[in-house]
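In structure tokens below, several structures.
Two complexes are shown next, each including chain A; its partner changes from chain B in the first to chain C in the second.
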Partner chain A sequence: MRLEKCWFCSSTVYPGHGIQFVRNDAKIFRFCRSKCHKNFKMKRNPRKVKWTKAYRRVHGKDMTQDSTFEFERKRNRPERYDRNLAETVLKAIPKIDKIRVTREERHHKNRMKGKKEKLQKEAAKELEQSISLVKAPSALQKDPSLTLPQKIKVSVSQRQSEDNNAMEE
Partner chain B sequence: MIQPQTHLNVADNSGARQLMCIRIIGAGNRRYASIGDIVVAVIKKAVPNMSLERSEVIRAVIVRTRKELKRSNGMIIQYDDNVAVVIDQEGNLKGTLIFGAIARELRQLNFTKITSLAPLSRRHAEVKKLGPSCPGFESFPR
Partner chain C sequence: MVQYNFKKITVVPNGKDFVDIILSRTQRQTPTVVHKGYAISRLRQFYMRKVKYTQQNFHDKLSTIIDEFPRLDDIHPFYGDLLHVLYNKDHYKLALGQINTARNLIGKIAKDYVKLLKYGDSLYRCKCLKVAALGRMCTVLKRVGPSLAYLEQVRQHMARLPSIDPNTRTILICGYPNVGKSSFINKITRADVDVQPYAFTTKSLFVGHTDYKYLRYQVIDTPGILDRPFEDRNIIEMCSITALAHLRAAILFFLDISGSCGYTIAQQAALFHSIKSLFMNKPLIIVCNKTDLQPLDGISEEDMKLVMEMKSEALKTVIGQGGEATSDDSVLLTMSTLTEDGVISVKNAACERLLDQRVEVKMKSKKINDCLNRFHVAIPKPRDQKERPPCIPQAVLEAKAKEAAEKEKRKTEKDLENENGGAGVYSMNLRKHYILANDEWKEDILPEILDGHNVYDFIDPDILQRVEELEREEGIRQAEEENDEFEIDGAELTPEQQAALAEIRKKKSLLIQEHRIKKSNAESRPTVPRKFDKDKQYTSERMGRQLSSLGLDPSLAIQRMRSRSVSRRGRKRDRSPEGADGGDRMDVDGDTPGKKQRLSRSRSRSRSVSRPPHEVVPGEGLKDSAQKIKAIKLAKKSVKKRNKQARRGEADRVIPTLRPKHLFSGKRSTGKTDRR
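For the complex of A and B:
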């Protein structure tokens, strides 16, 4: 029994699922479900179809190169059964999965970095420009709570930090 | 789902190129033939100067169909075209080479010559290359 990867979306195909298509040059295409199969028949390129793993890898949305992927590489050479080896492998699989997931999350976080700042800047600009759609300008002058507070810089003297250290003791 | 009037390509070097199915061998009013069934066919296209000629009636066994083949382990396999291999009355192969992939079902139906001539998949080739030193050599499904 082997867990294969869907040719189109790269998800795992479990036994009893999906269809295998054998082309005349004997290349086998495995599909996890009819959605992928139909897209293949339509001659769509998975690298251009947004929800596939191929697209995400090509466009840098997901990790491409990582040492955790080496463990899942396809091997055609059967291994001699060794109970100790099998035990270590079974113990290692969830660990490797966890590491891969944390690395993917980190990749995602790095990708999304700078988004919060961007959103806040845009929100501030929108508040400044379009607040007149919500409240009349005269009302704003009377009640300044709708504008963002101006940032005031406070300089910290050396003396204060020494006092803090005394407290920590 | 091969039925009379279906054109079949030929996957061996017997000399025929294209066959047209005339009749399915088996119980009386059998409607469709699939992988592993024997059909009576007439040769529509042939390679010149070989033993088989155009409009000769011969028997053939279906090896690849576009209709999906369902296995009991849940695997569903679909090929790209409808292909047969020419056979004689006893069931022996007419040609000496087989082209393209062959389904494993043919082995169970005693077409051992066809399965042995068929080209190997990558995994099979690896196991064969390693030979008896490879673990699981005897039990590897052929």
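For the complex of A and C:
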């Protein structure tokens, strides 16, 4: 029993899931669900379909080369069973996993590094350019800070309000 | 070989079917359309073609029948005699002869009618000629019908005859009924012949095959023969007699010593002597069967004498062959098919004798040189007289002996399985013979999957070392990361600035939304100038709010707006109740406002006022309230009659076409059209 990788999206296919397609040249394509299978039948290139791992690797969103990937390799020659070795392997697998995860996080962080600065610059520019939408130029002259103007209270007398009604009606 | 074609003879149709087949084929394969107006030559040709085509087909089919059925004189005499016995040679020949004559007759008919057709002068006459020709041909065939039926029966039976090769090594089994011939053949071959306690269970020849010294032998089981004069024999016995007569085979004459077949040894001996002429030049073995019931030594004196007589006869044949009168064991054998005692030795003896005889014959024949040329045994020339036997070292001999002993003592897995309940209950422990560094590990179970990974992909002898390296590396990287952790924070916006930015973004999104709504209902929105502001969007209050939110003082603007605005209605009247000139009023009690003003101002500050029907809304298109009232009255009057009579109005639902054609007609491409 083996866990396979989906050819399209590179997620793991557990036993009892998915479809396996064997082409006439004996190449086997495994799919984790019908979404991937249908995309394959439509002849879509997984490197161009945004949500697949292949795309993410090709476009540098996810880590591609790392020594943690070298640990998991399909070996065709079986090794003679050794209990101590088995123990170490079973203990090592979670450790390798953890390291791989941390490395991927680091990669992501590196990728996002300049984002904050960029956002701040954009915000500042937008504020400066569009301040006239919320602050009249004369108010800006009086108070050159890029903040909302103070609200001015307008005193309304009785008479004026009645007149207002008449006009509005 | 001819005998195998018996299965490949095509089916012979009966008379009616035959005629149907031919005529329908003519109908289909020749042109069918003809008109009176065609040229006469064309008409003649048309009908001649039909007649010739029919004749040709008859000829072909009848010829295949005649050719495929074997000619009794041309096949191996064994088969010739067998077919004669089964089907009567004369009847067979007659039937085939009749078919032949039918074929010739049909040919003649066709020729005659074609000649007549050459001079047909009208469509009708040609057609009649053609009908006559075809009719006569069919009558000929109908007459031949019984022969066809007979041939079909023969064919069916022939196809089921056992495929006996008359030229290969054959062993023939004969004897009285019920002596155990079929049981014997069941034992030595894979044939499955019926064995029953009544006589003549076997009614025809049966063939089985057996192997001896890498050669294949045919074993033929015959039906039992009774001791009768030749002429009285029935068909079944004749089959066996034919086989005996024509096949060059080793003969096993079966003798039932116990007499349980119902016939005494005397009777069986009598039979033997009456057919011993058929055993000429054939290796003969007398087989005494059913020794489990009665051993050979236990029979009576007379019977013993008879048996010895038969043995001497058999010996004669041996002497006649090659002059080796050594072992009489190979002439008289005992066995029992029930206990399988001696069966194999009988078979071996028979095969051996037959092989010897055949080899002898071959040696004497002219073909021997061809055979000899094919093989050559190379023997090294002896250098000197010294004997050099094969040398087997002592250790090997000992080991062989030990192995033999071990094989008997060792307990196999199969035995173990049988002990523990059999195949379905016990499954052997495959791990028992694993070769591991430590035997305790044999029953260990290693998980195949862990945390979404295949464990087998990770197994590596130096994984421990590599993991340590990896962790070290990771530690170093983490340390480096901590060192350059901080990011230069650019100038962050203050909270007020952030609020302003949020406001800006909100306003922008509102603008976009409004624009989208405007765009979507641009077609149906009325274009009314702003001064007729039906929804009261453009009020001074609103303007004031917006200006103040922008940071400007709106009071001046509002004042300016008020001073310029033109009140459309009731301004003069409105002023008076404010108490400016009380005396101008005509009303006595000057304080009570008029009805209209009361209504218009009753709840002005707190609630909105719904419009009275006569009030003219600017932008509607009416001049004054009187006009509007008239318009309303006209409208109501026009609808009154219709409503009173409960008739359909403009707002009532109308279905323009009750049964539009596109919904009620047309076939579906797949499926039924039950529902519309």
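In the analysis below, the second predicted complex is superposed on the first by the 136 of 169 C-alpha atoms of A that agree within 3 Å, B and C clash if a C-alpha of one lies under 4 Å from a C-alpha of the other, contacts with A are read in each partner's own complex, and residues count from 1 in each chain.
Convention: contacts are C-beta pairs under 8 Å (C-beta built on N, C-alpha and C of every residue); 3 or more make two chains touch, one makes a residue touch a chain.
Please read all numbers here as calculations on a predicted model, not as lab measurements.
Once chain A of one complex is fitted onto chain A of the other, the partner contacts of A:V134 are limited to chain C, with no touch recorded for chain B. Contacts of A:N76 after superposition on the shared chain: chain B is touched, whereas chain C is not. In the superposed model, A:H17 lies in contact with chain B only, and not with chain C. In the superposed model, more residues of chain A are touched by C than by the other of chain B and chain C. Judged by the touch definition given at the top, the superposed model places A:D66 against neither chain B nor chain C. In the superposition on chain A, A:A26 contacts chain B only, with no contact to chain C.
Residue overlap on chain A between its contacts with chain B in one complex and with chain C in the other: 78-81.
For chain A in complex with chain B, the touching residues are 15-24, 26, 76-81. Contact residues of chain B toward chain A in the complex are 64, 68, 73-81, 100-101, 119, 121-123, 126-127, 130, 134-136, 140.
Across the interface of their complex, chain A is touched by residues 434-438, 440-441, 444, 446-461, 463-464, 466-467, 470-471, 473-474, 477-478, 481, 487-494, 496-497, 499-501, 503-505, 507-508, 536, 539-541, 544, 547-555, 558, 562, 565, 567, 569-571, 574, 600-601, 604-605 of chain C. Those residues of chain A that touch chain C in the complex are listed here as 1-3, 12, 67-68, 71-75, 78-83, 85-86, 88-90, 92-97, 99, 102-103, 106, 113, 116-117, 120-121, 123-124, 126-127, 130-131, 133-136, 138-140, 143, 145-155, 160-161, 163-169.
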